[in-house]
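The following blocks contain the structures, represented as structure tokens.
In the two assemblies presented below, subunit A is common to both, partnered first by subunit B and then by subunit C.
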Partner chain A sequence: MSQAAVVRQRTDPAIGRATVAGMGAADPAWLRARRDEAWAIYQATPMPSTRSEEWRYTDLARKLQLDDLVVADGHTGPAAGALLPGPLRRTMEQDGDSAGRIVDVDGKVVSVELDESLARQGVVLTSLREAARQGDDNIRRLLATAAVPATDGKFPALNAALWSDGVFLRVPSGVTIERPVRLSRWVSRSGSATFTRILIVAEASSRLSFVEETLSPDFDRTTLVNTAVEVFSRGGAQVQYVSLQRLGRGGFYLANQRTLAERDSTLDTLNVALGGSVGRVDLNARLLGPGANSDMLGLYFGDADQHFDFNTSQDHVSPHAHSDLLYKGALDGSARGVFRGIIRVHEGAQGTDAYQTNRNLILSDDAIATSLPNLEIGADDVRCSHGATVGQLDAEALFYLMSRGLTRGRAERLVVLGFLGEVLSRLPLGGVVEKVTNAIVAKLRNV
Partner chain B sequence: MPGNEVIQGLGLDDYKFGFVTDSEPVFRTRPGLDAEIVEQISARKDEPEWMLKRRLKALRIYESKPMPQWGGDLSELEDTLRQTYFYVRPQEQMERSWDDVPDSIKETFERLGIPEAEREILAGVGAQYDSEMVYHSLKEEWESKGVIFDSIEDGLKNHPELFREHFGKVIPAADNKFAALNSAVWSGGSFVYIPPGVELKTPLQAYFRVNQERLGQFERTLIIADEGSRAHYIEGCTAPVYSTDSFHSGVIEIVVKREARFRYTTIQNWSNNMYNLVTQRALVHRGAHMEWLDGNLGSKLTMKYPSCYLMEEGAHGEIMSIAYAGDGQHQDTGGKVIHVAPNTSSSIVSKSISKGTGRSSYRGLCKVYDGAANARSNVECDALLINETSRTDTFPYIEIDEKSATVGHEATVSKVGDEQLFYLMSRGMDEAEAMALIVRGFIEPIAKELPLEYAVELNRLIELEMEGSVG
Partner chain C sequence: MDNAPILNVAALRARVADEDLDILKGVDLAIKPGEIHAIMGPNGSGKSTLAKVIAGHPAYEPTGGLVNFDGEDLLEMEPDERAQAGVFMAFQYPVEIPGVSIANFLRTALQARLEDGEELDLFDFQELLMDRMELLEMDPSFAQRSVNDGFSGGEKKRNEILQMAILNPSLAVMDETDSGLDIDALKIVANGVNTLKKENPDISVLLITHYQRILNHVTPDVVHVMVDGRIVESGGPEVALALEARGYEEYRNAHAA
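After this line comes the complex of A and B, so read on.
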């Protein structure tokens, strides 16, 4: 695979106003205006520093030099029909059945497939950029407005200004998609910055599951992959969103995700972090109607000097909603895991049920786990709890397995798999469990 | 669900000790703070030069540090500080016997029940009235064992070397803005030394009381529990209600040497216009035990996080914290445990009750450094919400750099359950009685840890107030 552009040439697009203008050249006027506005917000917003509570443990000043990056403008991907990179093809072959599939290479959608019967029922799966240019009204209303607007922070603003492409998925009322819709994303250029967005709208009483997987080779320099994920579930809809982050070393993954669950809808998420050098996910789940439910799952396994930082929030805006978060991580080498989560029960959100659990397994002397599970409760008729643990491998479980003849190494691997497997068993989507399990096993071989 | 009138009727907020005694202070500085005032305080106390230098240096640190932007709302504090008298001295002489204490001050203590406690139970009382120890007695047997229980000023005068060895070492002036302030203007507090192997069966007790409007009280306590000793120190506070804001900022330094056991108990019931910003820290050495028992009932805003630094192998730290936040109150409390050495263990148990517009926040830190092998820590926080307008938060920080550490944190938030109330009422209790019983049951695990003597204080403050509303 190619690793072009080791050093940014003068002609390469940098993060700046000219690139914003270039990115929006073929966009409708409303979208160009939205990009410009986002760029203004980006410029007016200071870079998050470790002095701010939310970035206390991830030092961007040390880990990310934005000025050195070449923006992937969506023009450098392979031509339609060109052979996809080998690792991407191989991981796609491991996927189970799909109802639809979209492939994104270096910030550009290169192929879209959707089950014909679903298309006939009005399901839309398309390149976000195409849909925006064709004037889809949903996009105009919902893109970077209600879920991840530019005003959310430095990176949401940067993404809203510079996004090159992404996915738009809309499932009409009452339509059920049984098999997952998959996004396979590949980033090839070392030193590049890719900005993509995902907009998912599940109309009333519809059902869908969406699995996103991001891969890349190892990079010799910091390479940024930034996504903004916006998911809407209307009354009674059921949505599952899964993100598998399997970047190569040198990758800096930065995701801003927000889910908005309306009355009686279910909106579950799973974030898996295995790759990259730095992974930072900001996930905000908003429970907007009675009966809304969000299960929020996370799994991370860091080794060498990997650094994973999850910043989650559960906003109970409406009474009588439910949310349950479970993030589990294993840390080896000199890896660092940071979990900062908050349950906010807004005033008047009576009858809230909200839970939050973070568990960490430390496998080496140099690994560090930091856990900050917070609660802010503004209503009295609530059931809320949170728990956090940090510990090592269960000595009794190890002893038992070794007494059955397993070597120490195998016993340890089995215990780690069992520990992390709990998360996968809560959202057993076709292809995901096997793929993640295999990836963990591969990492454990190095332990 | 009981109606609001029932809850209001519980009278949790009635302040029973809101009386003012007339007493003329002998000397006080003008309001506000500068180097001249610090010099006056030091001169008044006839201090050695090194202490004055320390105070002035601390003042510069205080002035250079910004107001904290986290925790409670301190936006009105600067105004309060401008009007604060940083030093008030009520009497010229330390009193040796109860009969010599002026009647007006006696009256204040009497209304708080101190004389009975003194006569019947208390072995030694360091009662702090305004900024100075006015009454101080020490049981004879303790003196024979070599125990020192002095005012902090006498500690400096009579035991200069021991004092200088430890003062400001546990909590340096630069630790935080209010520790710096205290280090500049401290006045009053206790100096305690327990010699090696000495075990005290009766607790050492100090009673703190602020009686001067706009008086800042900056008590400073230094405790050294030498190797293998065992002791318990109790401090309790109540204060009259005043119309303008008051300010209290103490610094408590404790050194628990090898194999010693020490417990420090605070029951804080400042009036509801008091800012209470306290730094409490203990250094715990090999095989030693330190326990903080921290009750916060009063004040407008309390920010207090007693901490245990587990410095050597086998050290153990415990923090038990109970907070009650009524209308307009914010209790921002919790605890910190820092594991530096192998085989150290710690536990934090925090319980809070928020009523009316009250807000209670748990804020805590559990830090395990690399090399603190087999460190174990457990944190439990339970919050009880009484009204729709009540608020609670939990902000734990867990930072683990050690593979073999085992750390757990659990928190729950609940309200008084309809089923619990229904059950008790079906047994013949009225709603208020049932509510009071449930609240008492909630705090019981911590309340039972208090020794009988000053538990009277906590029990009276919580239980009587609640029972008073019944029937």
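After this line comes the complex of A and C, so read on.
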């Protein structure tokens, strides 16, 4: 797909009041009101600046000119039935088995497929926009309210005002989806801003895994993809959420993710950042009931001037819950990696088990990793730990491998793959491990 | 048996890179195909440095002399080229490579021997791996573990022997493989060497050791005593026994005199 440089024309939708109104034109009244309210919050909220601790290492004012962007309003995507772009088709072919698939092109859902037997059991997989317009009560209650509300910050507000489409997945009580549900997202327009949302509800004792992949060509202008991800696991449910960020250069990925794990449920996440020029993920895991468990995994591999920033929090609201975070990154070229994480044990959350580890492997003299783990503990009977490391390739390890006949290049690749592979081995979903491994290998060939 | 040495070390001098003092001060050593040589010596004598210089460890720098292996100038070769040529060093302290399984590691090592574009046959590899593990009486699940990651001392040595069995070198340098080992782990090394030797009598072995005890389990053809960067005595197994009885003092004094 060609990607002619787009300079915003007067008629192109800009980030502004008129676009919010246009986006909501066909929405029900409650949703229009929610957009308006979000827009008001957006306007009243200052742009995050490097003076705030959470944005200290990612200078939005310098890296992102919102006024230049053309909002993807859902009208610029391909016509129904049009052939999908080649890179998107190829990555979809590499996916393993799926229980359902949804394809989103330039902020608009263009196809939805769901295993018929699951549909018969009441599983809903659909365009978020369609579901909202049809008045699904779950959406009215949960969309941008309990998980990522507009009040969360500048970009959650902007997304709540301007989202064009997204995914709604609901699995009824007791229903198990064995194979992953996949979202394949493609952004084609250079200089565009895509606002999209995901709402996942796993009812009591249900099981699901969801893999989201974002792809694009390289862009000659900054191109924004902003997502708001809301995941609810009710009592005893088991949920895995995976995000693969594989944008082209020029891509600016901003994700706000919140997971809410109720009693005895498992809600695991994996964030993989490989593409784009800038990637910022804010992930908040809330442990809301005893026995709730969240494994939080992250993997990033930056080269050239890529900049990845992860801001995570583990909120132990309830006693006797467990969370375990492992983020690992390799940085080459003049890439920058930032990890800032906090474990918050709320008052009275006795019996909390919470761990946080960030490890970085620096492959060049100009790459930088910043790691800021943190603890905030409001209970006395807890087990918490946090740790961070920034290291270089171990010369002794390289010699060991070379002494078995591996060239230096192969030895380095093997060490990096092993280092990052530990993360994937903890959440080995079909299609994900192979795809991410191949993408890492492709990047390593340039090392 | 070919009578030309496979390894010929002459007047070899070497130091730790960026330091002034030579640790090896003129080592001469010739090993013929199929021979087992042991080098014994006190701490700091340079015996482990010799092993690392032969393998091409980047922390050591040759400053004189030569190392000829199978007709090639080893000192001009990268560590991986030496391995391809048939040199294998069992490490004193094998390195942990988290996230890389032994099977994957060995597959990559064998793949590295092939020409560009040639692919290692995975079934052949699997068969070779299983065959070697059976020979060494190892549990097949061992190959799925990450290389040396969280291994006991004995498991690390076992892993070195397995690698040696797969890579099938013409010269195996065992760098203080018996240090810090209990008797069971020591037997793993000794049995491994003996088993592989029996299968391929042409393998040459250079055993570097501080203690005589491994020589109760592996019988060397030649024993060398190394003191202060030089080989000061060479002979049959009786040299090791004499050393065990008398210690290194005598050599040190003789050398200082």
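Everything below uses one rule, namely that the second predicted complex is superposed on the first by the 445 of 447 C-alpha atoms of A that agree within 3 Å, B and C clash if a C-alpha of one lies under 4 Å from a C-alpha of the other, contacts with A are read in each partner's own complex, and residues count from 1 in each chain.
Convention: a contact is a pair of C-beta atoms (placed from the backbone, for glycine too) under 8 Å apart; a residue touches a chain by one contact, two chains touch by 3 or more.
Being a predicted model, the structure only gives us computed values, none of them experimental.
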Check your understanding: After superposition on the shared chain, which partner residues are touched by A:Gln392: those of subunit B (first), subunit C (second), both, or neither?
Key -> first
**Study point:** First (subunit B), second (subunit C), both or neither touched by A:Asp380
**Key:** first
Practice item. Give one of first, second, both or neither to describe whether A:Arg89 is in contact with subunit B, with subunit C, with both, or with none. Key: neither
Practice item. Using the superposition described at the top, determine whether subunit B or subunit C touches more residues of subunit A. Key: B
Exercise for review: Return first, second, both or neither, reflecting whether A:Tyr400 touches subunit B, subunit C, both chains, or no partner chain.
Suggested key: second
Check your understanding: Does subunit B (first) or subunit C (second) touch A:His75, or do both, or does neither?
Key -> neither
Exercise for review: Please indicate which partner A:Leu417 is in contact with in the superposed arrangement: first for subunit B, second for subunit C, both, or neither.
Suggested key: second
Practice item. Once the structures are superposed on A, label A:Arg17 by its partner contacts, choosing first (subunit B), second (subunit C), both or neither. Key: neither
Review point. For subunit A, which residues lie in the overlap of the subunit B contacts and the subunit C contacts?
Key: none
Review point. Which bits of subunit B are touching subunit A when the two form their complex?
Key: 1, 70, 368, 370, 383, 385-388, 390-415
Check your understanding: Inside the complex, what are the residues of subunit A that reach subunit C?
Key -> 394-397, 399-408, 410-411, 414-415, 417-422, 425
Review point. Subunit A touches which residues of subunit C in the complex?
Key: 55-59, 78-80, 82-84, 88-89, 91, 94-100, 104-106, 108-109, 112-113, 146, 163, 167
Exercise for review: Would you tell me which residues of subunit A are touching subunit B in their complex?
Suggested key: 53, 348, 350, 360, 362-392
